[in-house]
Structures are given as structure tokens and as C-alpha cells.
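Dumping the structure here so I can ask a few things about it.
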Amino acid sequence: MSEPLLEVSNLTLDYNLGTRKMRALDKVSFSLDKGEVLGVAGESGCGKSTLGLAIIRLLPRVAEISRGEVIFEGTDLLKLSEEQMDRKIRGQKITMIFQNPQNALNPVFKIETQMVDILRVQNKYKNPGTQKRRRDFRQEAIERLKITGIADAEARISNYPFEFSGGMKQRVMIGMALSSGTSLLLADEATTALDVTIEAQINRLITDLASQYGTSILYISHNLGVLSDVADYIMIMYAGRVFEMGRTDDVFGNPRHPYSAALLESLPGHQAKGNRLLSIPGFVPPLDRLPAGCSFHPRCRFAEEMCRQQAPPLIEVSKGHWSACLLDQKRGRQKWQWI
Amino acid sequence: MLKYIIKRTLWMIPTLIGVLIILFSLTYLMPGDPASVMLGPRATPELVAELNSRLHLDRSMPVRLGYYLVGVLEGDLGISVWSGHKVSSLIAEALPHTVLLAVSSLGIAAFIGILLGAFAAIRRDSPVGGIVTIVSLLGVAMPDFVAALLLMLVFCIHIPLLPALGAGTEGGPVNMATHLILPATALGIGWVGYLSRLMRESMMDVLDSDYIRTARAFAVPKSSIVYRYALKNAVIPSISVIGLGVGKLLGGAVFVEIIFSRPGLGKLIVDAVYARDFPVVQGGILVATVLFVLANLIADISYAFVDPRIQYE
Amino acid sequence: MAVDLIQIKGLKTYFFQGKGLLSKWFGKGLKIVHAVDGVSLTIRKGRTFGLVGESGCGKSTLGQTIFRLVEPVEGEVFFNGRDVVKMNQAELRKFRQKAQLIFQDQFGCLNPRMSVGQIIAEPIVMRRGQRKSQQEIAQDVAALLRAVNLDPDAAVKFPNEFSGGQARRIGVARAIALNPEFIMADEPTSGLDISTAATILNLMQELQEKMDITYLWVSHNLNQVRYMSDDMAVMYLGKVVEMGPTSEVFDQMAHPYTKALISAVPQVFLGKKKQAIFLKGEIPSPINPPSGCRFRTRCPHALRKCEEEEPALIDLGGGHLCACHLQSH
Amino acid sequence: METQIRNQFETGTKTAPVSLKRKWPDKLRVIFSAVVKVKGALWGGIFVSMMILCAIGAQWISPGDPNAQDIVHRFADPSLKHLLGTDYLGRDILSRIIYGCRIAVLVAFGAVTISSIIGVLLGVAAGYNEGKKIDYLIIWLFDIVRSFPQIILALAIVAVLGPSLFNVVVALAFTAFPFYGRVARAQTLSVKESDYVKAGEAMGLERRKIILRHITPNILAPVIVCLGMDMATMIIWESGLSFLGLGVRPPTASWGIMLRNGYKYIQTSAWMILWPAVAIAIAMIAFSLFSEGLRIALDPKERER
């Protein structure tokens, strides 16, 4: 099996907010092969966005990575200096698109200026010494807009961002983020803020371009439906920990963690009208006062004494299917009947 | 863009008309008969009658308003009761000094303030942040005329370093510059404090915004992120404040010009007030107001140049 | 046969932009936004009517017109047989105690400077009826807070001390304070996580069964509308393109837009990924909507006829209506 | 019918009925504790209350009679007898500064109250019927008065009306009311569009009640914060006008007049300028810190942070 493109092991990260120390990521480990799409699912506050920002090293000042490695194409990104990250990785090998397209582009600069700036920097780092004129960069920018399906890109490129709709701004971001050199795209809730039909178009655009360039994607979203469409593999996170990981059909088909099963039972798409959805009692624990043992045990219907003591490791409970639930690891597949 | 400029300029006209009406109606607030009040001790019946007819004070209100408006449009701001000179020539003589003072103090203050604020936002843990807080407190604590007095006390009396009085017009540019240092600093301190704090806050917000994160995600070099992408957005609030600042400066100049007895529009107005020379007061205020309105217009338009969204509002 | 609670006939609500003095001289003159452009539908008592469509289709405006928060240009809204559009202030006030609104912005609809207790008590206090003692009102507020499973001592706290999900439940508590017959919920779970959204959906269903409330359920989340609603309508750019019993609309999708919308909805789906129908282009602006059928600019089967003539809603049987020329062939 | 709700959901024991809102002393405690938490606002509050105390009880607090002249010991340096020294007529500077507080606070409160009342009323009226003729008229009025450099217009008004405490207050109020008007109008516009106002209408609340319970409280808080900041500006202008001899008539003790005399005798004594300048500086910092604390305390969202 060729060496994976991205190998994250035991990644642990804390946010130091004044007196409180929030454990945002706790021993997160996974690997991603070339050209594959890994969906990262979880509710707000589970650390999925932090994971993306940690990989591309765009964390806020208060964030501090205390342990773990992020091996990308053989090098540990956490060991690189900011300057090396810019020179070799950011915007070339690893790119990122964000949730809110409305202010992802600088409001007071034309689309053209921003795209040309980025292309010029990438060119400077990728093949230093070659002198390309502004017109070439502008032409390349127009090409990229055309690829993402923006009509009359030639004219629209000299508009300002506020003249573009949300969907079109996201297309500009995708045009910049996906090119032949990109190995990994981090998409953080890329289509959450868009309408349903536009969302479908954008997600198809992302997956098509990625497969065309052989780019693998870390697709972060709280919408399980989108992940089911887009991702080959799914990773479900809760309060900074990975609870389950595996092929999409395995994780959604027969969940090996009560939390994953609960999420599926809470989706309106799964229930006939009349019978109630499952609503998990209680709240996500604050990240600076996580309960001992498995952090889900206070809300879990199946929690037993051992769940309260032991913090469950992530173990491969069946071929390519990992779970962090002690009951599942000890007694094999459970039915997780919540209702 | 042009349509926006025309729209803003057209909106200025009703405002200026309103200004003229208020200025005109000020005379009605005057207790007693305006002419005798203006002539003061020299008021003899003939002089009062002559002044009344010259200033059309004896006519009915609308007619006088008409004369006044027509006069202003023709640039005739009336004649000084005290010195007999045309008001417009008095102003023309005094105005350049005030403009020089305003531009130099606001210019320097804006330059230092914006740079200080931006730097404090970029290097958040550097001592510059402390300097900004102190300067902004200083700016709040010392209004321009108190600052002028203290500066004169220290630099003219106790450490006789800088000239205290006059504008040094006779001594050529170097002399004028030295005469300008203290008054400009007095006016500028408040502004350095205010602008640096405003700039720091807006720069910090901008640096935490999504589009800066996008630029960093695409490895755009730090320098162009800070000095192009962030600065252009962060400077927007300062521009509108500078537009308003000109108004405050014209006001502040009144005190500084009196304390340092420099010739200028402010001093002209105050001296006219003491001498109860009302046409000069009226003319002086009108010119100051027009300057202020123009400054605001220029600020609005430059605002639209920096932020393209304004034109389409 | 369920009695009709609300009948809407040919309702039109326009917004006039550029009416002000300044924009008349300098602006591009009068711009009319055809937010709701001739909508007729019936909501049966005790059932949930789903209203689905993307942003800018006018579903929220339609909702607010029913409550006369926005004045319609044309059309009637019958509530229990009386036309709300022609009601005077007194009648309107009585109607508004029977019909309540749950807003999309869960924090925006709560006055930041009033305590939660005051917010929920406001409809009770406001009703003339019998004067209530302070004790009784406090009792009712505590009962209402428990009804939406919030702790009664939340009454003294301010709205910003609560999470998104809790704030939404405070809005629900206020809405059911006067035991209304009809509630319009405008995107009740937008911005909420899966489990918080599930609690809101369960709560609303429980209230419907206990208090026999009729819901107008406005949402762009089709899974949710399919789960919650008995009848539904699909809106596009101010007009209803398809309407009928929810199971009918989902099973025999007639209008191309409905097909595209339902196929585009992300579903947790095992096995081969289903092929979604992808519409071209962006949603046009409601200021100058396309002539004839408004969907023709994005419709994969647009005919010449679609440009000239606007398709009427025709009955495909069993109350399943659709406005598309393809059907009438 | 309400009983129907109650017994439907009545679960558990009958808990003591909870009050709907915190009582007034409770609210003040929350606001006060919030103000104190803000860095520096506590000191601001202390000095502001000290100033108000001096203004009210000047005659008990000040060591001597501010107008008592003692020509023999004029221009005296600070000593035990005269803590801050004496001025050109031998009057005790400390007493004059304490009495000066009275003028400063009086003018500031007077001008701020008048201008805020006029400003807010016009602002709310303009904001409430946005787009109509009255809105344009009020905006026109605001723009006209705002076009004048404020101190120059105030100076002209006082010159015309004749210098006196009342005329100073009137002049300052007239030049400042657009400042409040614009804030009030902007707030009215944003509050008017808010969902909680729509919720009130959808509930069938009368127009009057909506204005009283929903619109006014949400407008007053930002305006109150402006009051705090504007107090500082008014104190500067009062002393400025007095400095020009257009404010309060001497011999009443006002910081501006003390500075005016100080300027005349700048060569002979520094104290006559230094102490009033320090007094003004403290007043300015106190008011701006206090109003910053007020701003955070009055806004429930900021309070939480």
C-alpha cells in the first residue's frame, strides 16, 4: 500500500483563553491517501475546523499544539517554520476554502487584483526566477474562473467582490484553491451558507476538479447528507476526540459508536412523520471541564462503569472501520437502539 | 462614481443655504438695536442712521435676507464696522495662516497617529501598544488650548527654546516653521491620540477578518497583507474622522491663534467679537463653515474612492 | 374532512425600492421587487403546511403578509373565514392573539434588554381579558418554560445568556403563551446542530398534538419539511410552482424545479451515489423576473412556449397541483 | 384557558412562583459590578463622583473662600496655608478649583441634558417616519447645525446673547444637539427593523406600547453612553469660552477664567496655569473612562464578555 499522502498521529491542541485551557483536539489520528475524500463530521465545538486550521497552520495566537505529528508527503508540517510553510506548502500543495464566502474576498480590491497577487506569489515560490507579466497572470486567472463555470469571466474579473453572489464567490475561491499542483484541499463547511441547488453545483464542482487534478480532500461539515454524497471515508468527532472512522457506507450503514448511531437517528430524513426523532439529552461538555473516561458517557444511554473510568482508545474493530467505544470493542457490534 | 460626487455636492447646497439663514438670523438675537450695539461708545444718531441704511437694517426681514444672500453670492461679505476694510479682504489675509496651521497639525497628527495605531495592531505585544494608550489618554486629557498653554509655559518661558508669539512671517520660511511647531503640536496631540486608538482597533478587526485569513492561506507575503490588504480596509474609519477633524481644528485654531497671537481666521473672529464688529464675525464664521463643509465633502468622496461599495448605496 | 383554517387567494406583495426623495432624482428610479406574485393556497386546521424554496423565493414574505407585518398589494387571506387583509385594528388584534410567529433569527426576536420572564409574559399581560395577578403570571411563565423544557429560573436571565437552541425555545414559549390556533415557523432550525434541531422538531410536534396547533412550516430543508408537513408547496421567485400532499409531491415530482430541488438535497444514502439534476446559472433577481415561466432561465426542458405564456397551476389529481407547460401537453 | 396550559405541563412539585425580572436594586448591582470590572472605569467613577461632590458641597469642602483676596501673599508657591499656592490677587487656588467644579458640572450637565433631550426627540421622530418629509427636514436641520465648527458657532451665539452662565449653556446645547440626534435616528432605524419590534406588532401590541417597551430602552442605552462622553467635551468648551472671556463673568471661579488670568501672568507664576490644567485633565480622563465602563455595562452582550 503506497505511503499515505497525509498521516496525522496523536495530534493534541489546546486553546489558552486566559485562565481556561480548552482541549480542542485530543490525540486525533488518521491517514488520507492520494485522491481520496475524507469527510470530517461532528457538531459545532467538536474541533473539526480546528483540525483543518492545524494542518495548514493558520491557528490563532492562543492555540498551542502540545503533541502529535502531521506527516504530509514525508515531512512533518508542525516542524516547518512559517516561512517554509509559505514557500512550499500553503496555496500550492495544501489549499483551504472556508464557510462564509460573503467575506472570504477582500471587499475593497477587485477580484482580478486579488487573484493576480496570489498567482504571482505561487509562481514566485514554485518556479523562482521566471518573469511573467501581469497580463499572463490575468489570463491564467480568467482561465481558472472559466473552469469553475463563471459566465463571461473576461468581464466579471474586474468586478468587486460585492458584485458577486455567495455561490459565485465560492467558485472564485475554488478556482484559486484547485489547480494541477494541489495535493490536498481542506474544505471547511464549504457549502453550508449556500442554497440547496447552488450547494449541489458547488459540491459537484469540487469533487470533479479534485478527481481531475488527483487532489485529495479533507471535507469538514456538520451535514451528514453532504458527506454521504461527497466523501469516501467518514470520521466522526465529538469534543476534540475521534469517535468513529471508516468507509462511508460502513459508518452510516452500521455505526460502531452510540454517538454516530444517535446522529443518524436525529436526522429527519430517516423517520416517518409521527414518530419522534432522537434528541440526545444534555449538552456538549465545555472543553476545559471534560468528564473523565469517555467524554460522551454523561449523555450516553448505554454508558457503563468502565466508560466512566477509562478514556477509550481508537481501535480497528473491523477491516478499515475504527471505533472508540469500549462496549463495541469488548462485546463487538451493538444494535445501539436509542429510541 | 461621478454620479455619487454630483449627488454629494448637490446635497451641500441646501445645507449651505441653511447655514446662511442661521448666520443671518443671529443678528436678531442681539439684545437692543444692532447698529448702536456695534458702534458702542461712538454711537451718534447720524452714525447709527448711516450704518442702519448701509446694512439695510431698517428694511423688513425678508428684504434684508435677500440683500444678504445676494451679497454673499457676489462675494461681498460687507464692510468691517471697526476698520472700514472689506470683510472679504480681511479674511483673505488671515485665512492662509489658519489653513497652514490646520494642514500641518492635522497632517502630522494623521500621519503619526495612523502609523502608530497600525504598528500597535501588527506588533500586539510590543511596547508601541503602551505608547498608543498613553498618547490617546494624553490626547483626551488635554484639549488644544490647555495643551497650548502648557507648551508655552514649558518651551517658551522655562526653557526658552521656541518663539512664543507671532507667526514669524517676516523671517522667511524657516522662521515661520519654528513659529509653527508649538501651535501645531498643541492642536495635533489630541488627534494623534484619537487616530492612533481608532486605527489600532480597526486594524485589529481587519487582521482577524476572513479575507485576511484567505490571503494567509494562499501564502500572500506578510508585507502585502498588512500594508495593502489590511491597511486599505483599516484606514476607512479614519478618513471620515479626518473630514470631521477639520471642523474641530478650525475651532481649536481659535484658541491656539490667540494664545500664540498668530494671525488667522480664529483670531480674526474673536477679535471681531470683542470689538462687536458683527459683519466680520458673520463673514468669518461663514468662511470657516464653508471650509468645514468642503472638507467633509472631500472626506466623503475619498471614502468612496477607498471603499467601492459606497457608490452603489 | 379537516376544516380549512387559512385560504390565501391571489396574494401579491411588492417592495418598492428607491421611493425616497433622493433616489427619485439620482437613483435609477422606482424598482419594484415582486416578492410574492399571485399565490393561492389552503392550510387545513390541525395540520402542518410546508413551504419550501430557496432564498429570494418569497416564502418568508408570504408568511409575514399573512400576519399583516407587510401590507399586500392585492389578494385575500381568509383566517377562519374572515379576510385578514380587510381587518380593522380591533379585529386584527384579536386575530393576532390566535395566530403567532416564530422568527428565523432566534436572538433578534428577543428584546435584549428584557428578561426572559418579561418576554414570555408579554402576550399574557397584553391580553385585556381578565386582569391577572403577578403570581398567576409568574406561574404561567414557569409552566411555559417547563413546556419547552427550560428551567423556570431562567426567567430572570437575559436572552444573551442562552445558547441558540435555548433562545429558539424561548421564542416557542412566547408563541404558545396564548394557546394560539396557528403558528408560522420561519426556518425554525436554521443554524442549529443536528441534536439541537431534533429537540426543536420534537417539541413542535408535541405541542401540535397537545394544543391542536396548525403550522405553516417555512424552510429550505426538504428532509425536515418531508418529515414534519402533511401538505406542502414549492415556491420559486414569488410563485408557487407545485403544491399538494407532501407524500404525493415527493413521490410523483411533476415540476422540473421540484425534481431538481429534491434531487439536490443531500441525503445519507447507502450504496451508489444517486445522480442529482444540476440546474445551470444563478437564481435571477426578483426585481425583473424572466417573462412567462420564471424558471425557464434555469430549466433543462425550457420550451419556446415557456417564454411567452405563464403556466397556470393545473390539478394532476388528488389535490396535487403543478404549474408547468410540460404537464399540459 | 390558561389553566389548560398549566395542568397540561404541570409536572413535579409546585415550585415557589419565580419573579419575572430582577428587582431594581438587583439590576443596579449588576450594572455597577459590570462597570467596576472594566479596567479604569472604577477610577473614572471615583473621580466623577468626587467632582460632583465638590460641585454640590463646595462651600464645605474648600479650605477657604475662593474670592478672599490677600494681595500681600499673591503668586505664593504651594504651602501649608495655600496647598496649591495663590493667584495674582492672592486668592487660594485650591478653593477656586473646587468652586470651579461647580461651574464645570453645572454647565456640562445643563448643556448635555438640553441638547440630548432635543436631539433624541428629533432623532426618534426622524428615524420613526423614515423617508417621509419630516425625516428630510430634520436631517437638513442636523446637517446645517453640524456644518458649523462647533466652538465657533457657540462663541458667536454667546457674543450675540452676551456672556453669562445661562447663555453659555444655551450656546453649547444648540451646537451639540445634532450629535445626539444622529445617534438617536440611527438607533431608531435599526431598532425599528428589528425582529423583536415585529414580534411586538405580530402579538397585537399597541403602537404606544411598542415604542415604550421595545424601542425606547434600546435607544436610550447608546444615547446614555454618548452623554458620558459629551460631558467631557462640554467641560472643555465651557472653560474655553471662559478663557476667551465669553463664558462665566469673573470673579466667579471657573477653570477657564483661572487659565485666562494664568495666561496674563504666565511669566510670573506657573501655578495659575498648571493647577486648572491638571483639574481639566483629570475631569476629562475620568469622564471618558467612566463612559467607557458605562457603555460596556449597559449592553448585556458586552457585559458577558
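Think of it as A, B, C and D in the order they're written, each chain with its own count starting at 1.
Assume contacts are C-beta pairs under 8 Å (C-beta built on N, C-alpha and C of every residue); 3 or more make two chains touch, one makes a residue touch a chain.
None of the values given here were measured: they were computed from a predicted structure.
Minimum number of contact steps separating chain C from chain D: 1.
For the pair chain B and chain C, chains touching both partners: A, D. A count of C-beta contacts for the chain pairs A-B and A-C puts A-C on top. Set against the Cα centre of chain D, the chain with the most distant centre is A. For the pair chain A and chain D, the distance between C-alpha centroids works out to 51 Å. Taking the mean of the C-alpha atoms as each chain's centre, chain A and chain C sit 33 Å apart.
Measuring from the averaged C-alpha position of chain B to that of chain D gives a distance of 24 Å. Touching of two or more other chains is recorded for no residue of chain A. For chain C, the set of residues touching two or more other chains is empty. In chain B, no residue reaches two or more other chains under the touch definition.
Interface residues of chain C facing chain A in the complex, by the touch rule stated above, are 54-55, 163, 193-199, 201-202, 205, 220-224, 226-230, 246, 260-261, 263-271, 273, 276, 278-279, 281-283.
Interface residues of chain D, counted against chain B in their complex, comprise 140-141, 143-145, 147-153, 155-157, 159-162, 232, 236, 239-240, 243-246, 259, 262-263, 266-267, 270, 273-274, 277, 280-282, 284-285, 288. Taken together, the chain A residues at the contact with chain C in this complex read 43-44, 151, 165, 167-168, 195-201, 203-204, 222-226, 228-229, 249, 252-253, 262-264, 266-273, 276-280, 283. Those residues of chain A whose C-beta lies close enough to touch chain B in the complex are 56, 58, 85-87, 89-92, 95-96, 98, 100, 103-109, 114, 117-118, 121-122, 125, 160, 162, 173, 176.
Residues 1-2, 4-6, 8-12, 15, 17-22, 131, 136, 194-196, 198-205, 209, 213-214, 217-218, 221, 299-301, 304 of chain D are the ones that touch chain C when the two sit in their complex.
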